[in-house]
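You will see two complexes here that share subunit A, one where it goes with subunit B and one where it goes with subunit C.
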Partner chain A sequence: MKSLLSRPWVAACICLAPAILVFFLFKYFPIIQAFGMSVYEWEIMNPPGNLTGIENYNRAFSSATFWTSWSNTLELLFIGFLLGFWPPLLQAIFLSNIKRGQWIFRVLYLLPFVVPAVAQFTVWKWIYDQDYGVLNSILGRQDAWLGDAGLVKLSLCFPMLLGGGIGVFIYLAAIKGIPKELFEAAELDGAGPFRQLIHILLPRIKYVIVIQLILAIAQGFQVLDKILVLTEGGPAGASTTVAFTIYHYAFRTYEIGYGAAIAVTLFIAVFAITAIQLRLSRSKD
Partner chain B sequence: MSSNKTWSALSYTITFLWIFCLLFPFFWMVSTSLKDTPASLKTPPSLLPDVPQKVNVDLKYQSQANETQMKQDAATVIWTIADQFKQDHIGSFSVRSIENNRIRMVASGLLYQVQNAKDRFILSVSPGPSDIVKASDDLLKTISVERVDQDYTEQKREDENPLLKKINDTISRLPLAGKISTVTANGDPTAFVNSYSRAYSHAFEHTGRTFGDFILNSVTVSLAVVVLQLFISSLAAYALSHLVSPAVARWLLLFFVATLMIPPILLFIPLYNMMSGFPFKSIPFTSIPFPNINLLNSYWPLILPYTAWGLSILVLKGFFDQISKQTIEAARIDGASEFKIYWKIVMPLSKPILGVMAILTYIAVFDDFFWPYIVAQDPKVWTYPVALYYAQSSMAEPNVTMALAVIAAVPTVLLAVIFQKHIEKGISFSGLKG
Partner chain C sequence: MKPILEKTLWVLGLGIFLLLIIRSSHGSSSDSSVIEIRIWDETRSTSEDRIKSILYRSFEMEHPNIKLKRMPSPGKRTDDRVVFTIAMAGGTGPDCYGAAHFSLIPIFIDQGFCMDLTGYIKNEPQYSNLVDSIMNIASKKGKIYGVPHEAYVMTLAYRKDLFSKAGLDPQRPPQNWDEFAQYAVKLTDRPNKQYGFGILGMDFSSWHWENYVWQAGGEVTEQMPDGTCRIRFTEEPSVKAMQYYKDLRWTWNCVQPNPLQGYEDNMRDFKNGRVAMILIPAVHLYQFEILKVLKPEQIGFSTLPAGPTGIRAAQIGGAFYIINPNIPKERQDACFKFIKYMTSPETLVKRWLLLKEAKIIYPLISIYKNLAFEDVIKDIPPEWGKALTESIKNGKAEYFLKDHLNHIISDGIQLILTKQDANPKVVLEDCATRAHKEVVDRYNSKIQK
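Up next, the complex of A and B:
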């Protein structure tokens, strides 16, 4: 018995079995299930329900709400990228220059990462309040930041300007990994800090920036918590994202098959875009 | 980077400014939570909360004063203060009834309790003194009323304080059996936490549970996930690192890490379905029924899906790879089974990285909102973020809502402050390897 167990491959199987089981059960199998559910008019009480084939997909592609949700998602992705992608990078660059007391700033930059998102959304909902919110008092205006279709997307993305979070630390670690001699040599050659930034620092962390970009885009497609807490998809569907639509159909109207179909389209889109990005970044090397 | 002084000064300045802005929402959260409700709704809102006041009114009675009169007077005074001095940051009050130079009765409590009671017991829109007298018993039940027998020392009259003067003027016009002796006010910082006490019991009225219960749920679930997930991930990482060939390890690692790219919402739907009849209601692709159990509204759906985290396996494998092969080979030659090696050699050496992954996992699970929101409908299993969401959508008092948000933030912020280095280590491992 003991000799059987101490053969590496037997032990390997036993060690890997739990992980493979849970990954299959909670990650891969559900993907297959989602595809499966999308071709039914899925009944949760009495699965699977009527087999409807691609009808759910037809319904989605011919639905105006579906396409609006995609355009909303892309708009939010774009605005979010403009406002939110570069602050953590800049913050890390400046932070790397600070010698004394760096740790205080580091702890503070962690706050957006550790405080539950719901709590942060709750504060922003209150800050944006039209009648009593502090933003309107400071600006002396009466804007409906979350209630005006023209303002809502900006309001949803504006907090990203404040930066912080894990991005700062990922960039910081990458910056710290750059050998100091490179900077010292450049300085001896007479290069000022700005030139050092452009010609030494950025190129050496390009790899990390690209990965963060790919992740940011993939995650930008999936904005959901923020929408639920802040706007519920409003006003009048101006902030309804694809993910929110999926949630709505699967968990509010219980049209689970339809929701699954939209989710499948999201999955394919994210998969495709990520794959393309990875291809592009590989070929550059 | 550069030793340039301007660059350094610029970095400090910009970082300071940015941090200042970043902190503002958190500051606002705390500041609002310390205000009383009218102050939190004031336009324009003040930046910092005002120190709550404790107002004391002494009423003197002639010898034949009876208890009913004292109670009615107390109720009238208290109600008037609650009604007319909402904007004056009065947190608590006491009304002392004095007879023959001895304090006979003390009615004290928190102002918001009275304001809540007011809505419940006094039904007319602009009640006259007789309405209040009628409701005085009910009003007094919500606060503390004690019969005592204490020495009375005359308090100094403070006529300069404009608030006290106003209170004095207003109360003097009331038809009271007793005579107003003095009105005093002191700062009462303990009243800052009023909205927290209310936050704590808010949920109780609607769901029969307090927010302490929800925090307990969150902690239980998070700890369970940490234990299970680390166990599963470390076993797998050990196998990938030292038990299988590098070629096989590469593919298996890809199997695990690729899951990080799956959009969570895609998984919510089938996972919810799975949890309503675990593991399947019918054998896949057939209609043959399969024994299953409905796990919804228990802790299980809040724990199980989180046990599969590819990042954990990636990071742990990276660490295990660095454990010298010779140590492990030597142990094998000595006849140790793989599990002994895992448990007695590899794991103790990995305490630091296990600590890192434990904290990251804990924070991720504790803070997670959407999946628990979908799958934990019964308040008995609500995690704190879910409870916070429901509370903020049904509550109109910003100070209590903000108190709830602050409570949500405290556990993980404490972890961040204590384990800051660990968290950063974990983030940089995952960022650089990813």
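Up next, the complex of A and C:
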């Protein structure tokens, strides 16, 4: 008699159960809990505190800080997309054409990924230093890259122009999955590199690009670490993002219910944009 | 045989899992008469840690029925506060917490992190001589929620060597705002990247700016008798203080090129001779390793320069010990015994002598009216001790609702420091509008309910 445990689906469920449990506990449960917290004046020691209903949301929507943080987040997302979304793809395309010594470039592109982000931002803080920074030294200027409201967003996004990281490898893997015969056939038909790129390569890795775009947008909305290290939301609120505002209200002023309400608005925005993106990408298929 | 093996493995796995769960749960002390209490405090350096360990061991020897389990708080101040908050929310907070800073304790009291210690303190004669202004910070509605163990006062630190180089008398620091600006201009040599004053424009810039408001004869905010908050930073003294900041930056041009750099950067610049004057609590001489780079004779200390009113107001800060209100009574009693020991005049003197032995010498303020650091430790330059003693006479606690309003006021300060055409009065009025809408009106209506 075959035991229950030897049935494939049972074994699969048992093996997946711990991961699903952890995922639910640390990913989904906090999201559900945040919804709950957002309608309370959450008390840390005696939760949940007074029920406020939608008051936290009213407060957020009537707050200048809230709208400024959204505006800053969207601007950073846009600049970050323009500067930082395309370099890993271009790097992967160039890397795919290198036959000899490709491993050297792969190591070089991967190394920054293993350096903690905080360490990288600290280095950039030095690069941007007004008196002694490398950037001003090269340009022969004394710009306040992080201290000027007009420059701070560009300064925060500029490092993304360097690309590298895991994105290069994701694109590279996708490119390597394209049959070489397609490129050979196109070449025989007289298609140059640019036409091969537009008509063969990009359409073939379209889904990977969409996934990377979704991840980039989701991460862009949640930018916090570089703000904490480089600007603390300044100058004069010019780099205060939604995530920074949530952190401020939750951990500095202990208005956890209010912070949760702002977090819920962020969740809804990211969810909506991701859903729209997925729908658009499927409709084109 | 295969099913038997499978079953055996399952039973074994389940058994190990259960054992791990039992092992990871809190176990009671093997000796039920010994009370173990968990202490979180700040870690500054290996040497100070060693001194704390010596004092903790002395306490355990005097109290054999109390065992201390010390956990240094992780990270810098902000991280430490986040970790503490999460621990308290999760029910795993320490029994006794030693890093409840003066600026944080009002918010800790509101959040219920601190036990009411009034009953303990009123029965202790040693606390009758505590400096009142310090003790009041941890008080609310007549109840006391913390015991101070460390205090500082904001002072002016200056590089005597740079003073001499600029032709200024290193024994005569600036006495008032006008002199301060004149000195700062003389000490500024922009082509050689030297600046007269390291201004604080980073996210907690109101920590320094409040001193100037007081020196101008005003207040940033005021707690009214009914507990509500009144914004006062739109009044003339605050506008004067903001104008002074603007003049230092744009008119006299005597501050560092990036006025928004962090506090640590200002300390670094002072160490490196890049700025000649900074506002600093004396304890930071050690904490930021300034005394590792500079000799005591290179550093001058003085009271903050007097404002237009002649007042030399200076912010006082420090840290309290607080007790977790959610632990059993016997552990609370044990915690108070520990706090009483650590804050006794005898232990304070012992700590100062141990610091001196470890060559950690920086001026400290005593929390007791009848005990002065400079009477015990003679190794610091006499003017350092004098500067602290004089400064504390005009010491003031940070402004009411600072944690909630700092980001709004700091935005205004940053605007003044980054936009030459920003009008101080207009900026402060905008900050007040925002403060009313986002913080004060709601706070006041809650109090009034």
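As a convention for this text, the second predicted complex is superposed on the first by the 267 of 285 C-alpha atoms of A that agree within 3 Å, B and C clash if a C-alpha of one lies under 4 Å from a C-alpha of the other, contacts with A are read in each partner's own complex, and residues count from 1 in each chain.
The working rule: a contact is a pair of C-beta atoms (placed from the backbone, for glycine too) under 8 Å apart; a residue touches a chain by one contact, two chains touch by 3 or more.
None of these values were measured; they are calculated from a predicted model.
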Handout entry: Fit or clash between subunit C and subunit B when superposed on subunit A
Key = clash
Practice task
State whether A:G190 touches subunit B only (first), subunit C only (second), both chains, or neither.
Solution key: neither
Exercise for the section: Go through the superposed model and pick first if A:Q222 touches only subunit B, second if only subunit C, both, or neither. Expected result: first
Exercise for the section: Could you look at A:A12 and tell me whether it touches subunit B, subunit C, both or neither (first, second, both, neither)? Expected result: first
Problem - First, second, both or neither for A:L146, with subunit B first and subunit C second - result: second
Practice task
Please determine whether it is subunit B or subunit C that touches the greater number of subunit A residues.
Solution key: B
Exercise for the section: Look at A:Q33 in the shared chain and tell me whether it touches subunit B only, subunit C only, both, or neither; answer first, second, both or neither. Expected result: first
Problem - Clash-bearing segment of subunit C, relative to subunit B, as chosen among 20-28, 38-46 or 398-406 - result: 38-46
Exercise for the section: Overlap the subunit B and subunit C contact sets on subunit A and report the shared residues. Expected result: 5-6, 44, 129, 131-132, 251
Completion exercise
Within the complex, subunit A is touched by subunit B residues 1-4, 7-8, 10-12, 14-15, 18-19, 21-23, 25-26, 28-29, 32, 40-45, 231-233, 235-236, 238-240, 243-244, 252, 255-256, 259, 261-274, 276, 279, 281-282, 284-285, 287, 304-305, 307-308, 310, 313, 332, 335-339, 342, 363, 366-367, 369-370, 373-374, 384-385, 388-389, 392, 398, 401-402, 404-406, 408-409, 412-413, 415-417, 420, 423-424, 427-428, 431-432, 434
Problem - In the complex, subunit C residues that touch subunit A - result: 3, 6, 10, 78, 81-82, 85, 88-89, 107, 110-113, 193, 201-203, 256-262, 274, 325-326, 403-404, 407, 410-412, 414-415, 417-419, 434, 437-438, 442
Handout entry: Residues of subunit A that touch subunit B when the two form their complex
Key = 2, 5-6, 8-9, 11-12, 15-16, 18-20, 22-23, 25-31, 33-34, 36-37, 42, 44, 47-48, 87, 90-91, 94-99, 103, 105-120, 122-127, 129, 131-132, 134, 137, 159, 162-164, 166, 169-170, 172-174, 177, 183, 187, 192-193, 196-197, 201, 208, 211-212, 215, 218, 221-222, 224-225, 228-229, 243, 246-247, 250-251, 256, 259-260, 263-264, 266-267, 270-271, 274
Practice task
In the complex, go through subunit A and note every residue touching subunit C.
Solution key: 3, 5-6, 43-46, 59, 62-65, 129-132, 142, 144, 146-149, 231-237, 248, 251-254
